[in-house]
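Quick heads-up: structures coming right below.
Next, two complexes with chain A in common: one pairs it with chain B, the other with chain C.
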Partner chain A sequence: MAQTIESAGPGGTRPIGQGRPYYGFWRQSWRSFRANRIGMISAAILIFFMFIALIAPLISHFVTHFTATAQDLNNTFASPSHQHLLGSDELGRDTLTRLVYGARASLGIGFLTVAIALTIGVSVGLVASYFGGIVDDLLMRLVDVVLATPAIFLYILMAILFRPSPIAFPFIIASVSWAPLARLVRAEGLTLRSREFMLATQSIGAGHARLILRHLLPNSIPLVIVAASLRLGQVILIEAALDYLGLGVQPPTPTWGNMLSNAEIYFSHSVWLVVLPGIAIFLTVIATNLLGNALRDVFDPWQSKH
Partner chain B sequence: MIRYVARRLLTSIPVLFGVTLITFTLMHFTAGSYIPGATGSPTLTPADVTRIRDNLGLDRPLVTQYADWVGIGQALKSVGLQGVLPDNNNVEPGLLQGDFGRSLIDGQTVLSAIHDRLPNTLELSVTGLLLGLLIAVPVGVLSARFRGRWIDQGLTILSVAGFAIPEFWFCLLLILLFSVSFHAWGLPWLPASGATSAIGGGGLVDRIEHLLMPAAVIAALYASQWSRFIRSSMIEALSQDYIRTARAKGMKEGRVVYIHALRNAIVSLITLIGLELPDLVSGTLVVEVVFSWPGIGFLTYQKALAYDYTMVLGIVVFVGVLVVLGNLLADVLYGIADPRVRYS
Partner chain C sequence: MAAALTAELQNRSLTERLLEVRNLRTIFPVEDGEVKAVDGISFHLDAGETLGIVGESGSGKSVTALSIMRLLQSPGRIASGEILFRGRDLTKLPLSEMEGIRGEEIAMIFQDPMTSMNPVYKVGWQVGEPLQLHRNMHRGAAHREAVKMLGRVGIPDPAQRARMYPHEFSGGMRQRAMIAMALTTGPPLLIADEPTTALDVTIQAQILELLREINKTFGTATILITHNLGVVAGMCERVLVMYAGRIVEEGSADEVFMNPRHPYTWSLLQSIPRLNADNDAELKTIAGQPPDLSNLPTGCAFHPRCPFAMEKCVRDDPELTSFGGMHRAACWMTAAGGDMDSATKGRRPS
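What follows is the complex of A and B.
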C-alpha cells in the first residue's frame, strides 16, 4: 500500500511491472547518490568549503579579528597560537583569514570558469551534433585547433596579455577548456539525435530551437554534470598553478595559489605556510574528482562499476 | 594505411593554419603598443617609437604581418608575386621556411632556442614517462588481479591523491623534505634547482641527482592516471573468452595474467601514450619553473614574462605541430598493435 502512495508523487506514476514503483530519473538518481558514501562525503567537503568562502567576512570579523590584508609586523611568521590560529606570514598577515578568503577566489573562479566553459562547450557540442554536415565539420575543426594549441602556453600568454582580474581570469581559462566539453557533448548529441523520440518530435512539427533546447539539452544534462564536476577540479589546479607562477590573481588579494608564491623562501622556519594552502587545494580537488566519479556511477549504473 | 596517413596529414593542415591564426591574433593584441626592451625608458622620443615599430614591421597591414610571420610573404616574393600583399618588403624567413621565427629581443631563431632546450626537457619528461610506466603497469595489474581487496583500495586511494595533488605544491614538498630538511638534518640532500651544478657539474651522478625530484613529480602524475587505465583495461581483458580458454587448458595463472591479458590491455595504453607525446614537450612547464630546469617550459615562461612574444608563439606553433603528429602517430600505432582496428 505504501508503494502506491509513494509512486503517486510528482515525477511520474508509471509502475514498472508489479514491483518497485517508478520514481523518475532525478529522484532515483538522488536516492542512489545518497547511498554512495564517498559521493556524499565529497559533496559535504565541497559544501563546507563553499560555506566558508561565503561567510569569509564573518570569520574575519568574529573569529580571527584580522582582515585578509591587515599586517601585524610585530608578529611575522607567528606559529599557530591564540592570536593567530593558523600562524601568520612574512608581513604578519593572518593565515586562517587568508585561507578563508582564498577559498573565495579558488572556488569562485573555479565555478565561474566551469560555468563559462559549459555554456560554450554545450552550445557548440549540441549545435554541431544537431545540424551535422558542414556546421559540424567547421565547429569540430575549431575544437581541433583549440586542442592542438598547448593550453598552458596559451594561459600564460593570455595572462600576460590581459593582466587577469578575478573576473577576467575565468574567461581566460574557459576560452581553452570548453573544447573537450564540446567534443563530449557532441558525441552524446549524436547518439541522442538518432533516437526515435527526436524523429517523433520533429515529425509533429517542432522547430530546431525546441528540439535542441527541450529535447537534446535535457537528455545530455547527466553527462554534463559529471563532466563539469571533473572539470572543476582541473580548473582549480590550473588556477592555483597560474597564481603560484605570479600570472594569475595578483598579491594583495589572497588565493591558495599565490599564498604559495614565496613559500620556498620561508621553508626553513615556517613549514605551515607551505603546507596549509596546498592542503586546501588538495582537499578541494580530491572532493570534486570523487564527486564526479560518484555522479557518474549514479547516472550511469551500467558502466564503471569496476 | 598510407592513404589513411596521407588523408590525416591533409586534414591537419587547416588545423595548424587555425593554430597560427589564434596565436597571431594573440600576438597582435600583445604587440599593439609594445616595443621590446624600451618600456618606460625616459629618453625615448615618439620618433624613436615609430622607428623601432617600423623596423619590426609592427605597423604594416595585418594581412602582410600575418603572411610574413607564416612565411607566405617570402614564398610569394620568391615567385615574383610580392605585389599581391600590400607593403610586403620583409625578407625574414617565416614559419614555413622552417626556423619558426625570431626572438624580438636577441634575434635568436626559435628553432635554435628549441634545439638548445629540447634535450633538457626530453631528459626530464621521458625519464618521468618511463618511471611512470614502470610504476603504473604493475600497480594497474595488481589492482585488477586483487580487485575490490584492500590492496586495490589502497592503490586506488593513492592514485586519486596523485591525480588531485597540485603539481607545483608536490614539487615544493619534495624540495622541503629532500633539500631543506635533509640538509638541516645533515643527511645527503638533493639539489633543488637546475639540471646540473653550476660549479663542476655535468657528470652523470650530478645530472641524476638533479633529475630525481622533478622526474618523480612527473612520474607520479603519469602513474596515477595510467594505473587506473591499466586496471580497467586489465579487468576487461581478464573477462574475455580467450582468458577462460587459456585457464581451461591449464595454463599457469601468472602466464595468463602477464602474457595473455596484459598484452591486450597494453594495446589501449599505446593510444594514451601517443596522446601524451606533445606533453613531453609542453607538459613539464610548471615543474620546470619550480626547479629552474633549463627546458622548453622554463624558456617559454621566461620569454613570456619578458614579452618576447615572437619566441613564445614560435614555440606554441612548434608544439602545435607535435600535437597533430602525436595524435596521428597514436592512431597508427594503435592499428599496428591491434589488427582488429580498421582505418577508414
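What follows is the complex of A and C.
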C-alpha cells in the first residue's frame, strides 16, 4: 500500500491519507470550546467565584482584615472606603468578607446538590433505559411522583422538620431535582441501548453492570455535563430563594440569599447591600446557563446549527 | 500454534459435534398471537466446519443466530427445543454461565461495522475487551494482544491503528477490527451475521477471504448468515436455506447450488443476474411477498409464491426428505420426482 503513516508528536496520531491531525473527542471538544467566546467568559466567571470561595479565609485574613461575623456597631452602613472595601451592613459587618463567604455557601451547596442529583438521576435514568419493561415503568412513575410534588412546599416542610444545616441542604434540594435529570438520561439511554454496539458488547460476554457503567455511561457523559451545568444555576437560585425566605442557611452564616433578605429593609439608604449579593447571584446563574449552552454547542454541533 | 490448534480441532471433530440445534422454536408474542420467527429447525455443526444459512429478510436466519447466543431482544424467547453446544444445552444455562460462553467460546460479528463499535473507546481497547472479560487480562496486556490480532486480520500498522477511534476507520477496517475482537479469545465457533452486507463489493471479497483464512488457520467453525448466495457458494461447505422460519433445503454447497430441490432455492438461483444471459431477457424475480409470520399460509408456506404449487401443497406441510448424500429438501413436487428445470421449459419463454 502506498499510504504512509506519519508518527505524530504529543498532538496525537495523524490519520492515514489526511494532513489534518486527529484529536480525541475531549481534546477536540476543548478546542471547539476555546473558540466559543461566551462559553469561555462564563467559565472564567464561574472559576473566579469558585476561586474566591476557596480562598475565603485568606481574603478575610489578608485583604479585608475582618471575619464574616465580626460586628462593628460604631461603623454601621459604612460606604465603600479604604476600611470596608464594599461597605458594611447594619451591624457593621464587612460586606466583601460576607460576599466571599456567601460564595462558599452558594457554590458549595450548588455543587454538592448537583453532584447528589446527578448520582441519583443518572443511575435511575440508565437503569430504567437499560432494563426497560417493568423496571422502567416503576422508576419513571417514581420520577412522575417527584415531579408532581410542589417542590417549594417540600422544602418548607423539610426546613421546618430538620432546621437544615448547610450539609443537609444539598440533600433536600437534590431529593427533588434528580427527577428531570433521570428523565433526560433515560431518553438518551433508550437511544444508546438500541445501538448495535450494545448488542455487540453483550455478545462478547459483558454483563449488565459492565454494559451500563462502561458502555452506556461514557456515551451519555456529554449530555450529563450539559444538564449538570444548567442545573447548577437553578440550584443556586433555589438555594438563594430559600435563604431569602428564611428557610435556608441561618444567619449569622452569610449566604447571598440571606444577605439579600437581610438588606432589603435598608434598601432606601444602603442600596449596595441589596445590589451586591444580587449581582453575585445574577452573574453566577447567568454564567452557568451560558456555560451550559456553550457546552451543548460543543458536544452536539448539529443542534446549534439552525 | 495455529497448526497444532487445527490438528486438535480436527481430531475433536471426529468425535464431537460442536453444535447441535434440535427442534428450535423462537417466538415473539404480539397482540394477536405470536410470530413464529424460527419454527422448529434442527441442524448441526462440526468443529472447523463452515455452514451457510441463506434466506430473505424475515426468514429467521438472524433470529436463529441470536437464539444460539441467547441475545434475543425482549419479548422474543425460545419457546422450545435444544441448543447443544459441546454437550451443554445453552437454552437451559443460567445467564452468568452464558456470559462466560459469549465471546469466549462463541463469538459473533454483526452486519453493520459502522455501528457495532462503541464510539467512545479506542479500537485497541475494544478489540482487547473480551480478554479483559474472560482472561482477567489487564488493560496493557489486552492492548498488546489486540495489536497482534489487528495485525493478523490485515490491518496495516496495527500499533498506530489501535490508538485510533472507530470513526477513523473505514467500514472494511472496522469489520476487520470486529473480526479481530471476535478472535482474541480463540473461540471454536464464530457466527457471522451478514458480515459483508453493509460493505462495498471489493471490501466484501476481502472480508470473505479473511473469514476463509481464519477458518483454515485457526480451525474456527463458522456459521455465515447471509442473503447473498454467491457469498455462501464461495465460502461454505454446507448450506441451509430458510424460508418463513423453517429449513426448506439443506445439503453440501455443491448439492444445493448445482441441483436445487426446493422451488424456493431454485427461484433464488434463477433470480441471480448472469453474465451469459440473453441481453433482452428480463431478470427473474420471486413473485409475491415473504409471508406474514404470525399468519402463515396453510400447507407449504411457500405455495402462494411457488410456480409449481399443487393442490397438495395448499393442504399439507411437506417434511424434509432425503435426496441422497446430505441433501434434503421439503417439497412435495421434487419428492415425487418432479424436475423444476424441465417443468418450466415449455412455460417460460426466456
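By definition in this document, the second predicted complex is superposed on the first by the 287 of 306 C-alpha atoms of A that agree within 3 Å, B and C clash if a C-alpha of one lies under 4 Å from a C-alpha of the other, contacts with A are read in each partner's own complex, and residues count from 1 in each chain.
Convention: a contact is a pair of C-beta atoms (placed from the backbone, for glycine too) under 8 Å apart; a residue touches a chain by one contact, two chains touch by 3 or more.
Bear in mind the structure is a predicted one, so any value in this text is a computation, not a measurement.
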| item | value |
| --- | --- |
| Touching partner for A:Gly133 - first (chain B), second (chain C), both, neither | second |
| Dominant toucher of chain A (residue count), chain B or chain C | B |
| Contacts of A:Met158 with chain B and chain C, given as first, second, both or neither | first |
| First (chain B), second (chain C), both or neither touched by A:Arg141 | first |
| Partner chain(s) touched by A:Ile265 [first = chain B, second = chain C, both, neither] | neither |
| First (chain B), second (chain C), both or neither touched by A:Gln202 | second |
| A:Phe25 touches, of chain B and chain C: first, second, both or neither? | second |
| Partner chain in contact with A:Leu213 - chain B first, chain C second, else both or neither | neither |
| Touched partner set for A:Ala241, first chain B, second chain C, both or neither | first |
| In the complex, chain A residues that touch chain C | 1, 3, 5, 7, 13, 15-16, 22, 24-25, 132-133, 195-197, 199-207, 210, 215, 218-219 |
| Interface residues, chain A side, partner chain B - complex | 141-142, 144-150, 152-154, 156-158, 160-161, 233, 237, 240-241, 244-245, 260, 263-264, 267-268, 271, 274-275, 277-278, 281-282, 285-286, 289-290, 304, 306 |
| Touching residues (chain side chain C, partner chain A) in the complex | 69, 71, 74, 96, 99-104, 107-108, 110-112, 115-121, 129-130, 133-134, 156-157, 160, 163-165, 168, 178, 181-182 |
| Footprint of chain A on chain B - complex, ascending | 14-16, 18-19, 21-23, 26, 29-30, 147, 160-161, 163-169, 172-173, 175-176, 180, 184, 232, 235, 278, 281-283, 285-286, 289, 297, 300-301, 304-305, 307, 309, 312-313, 315-316, 319-320, 323-324 |
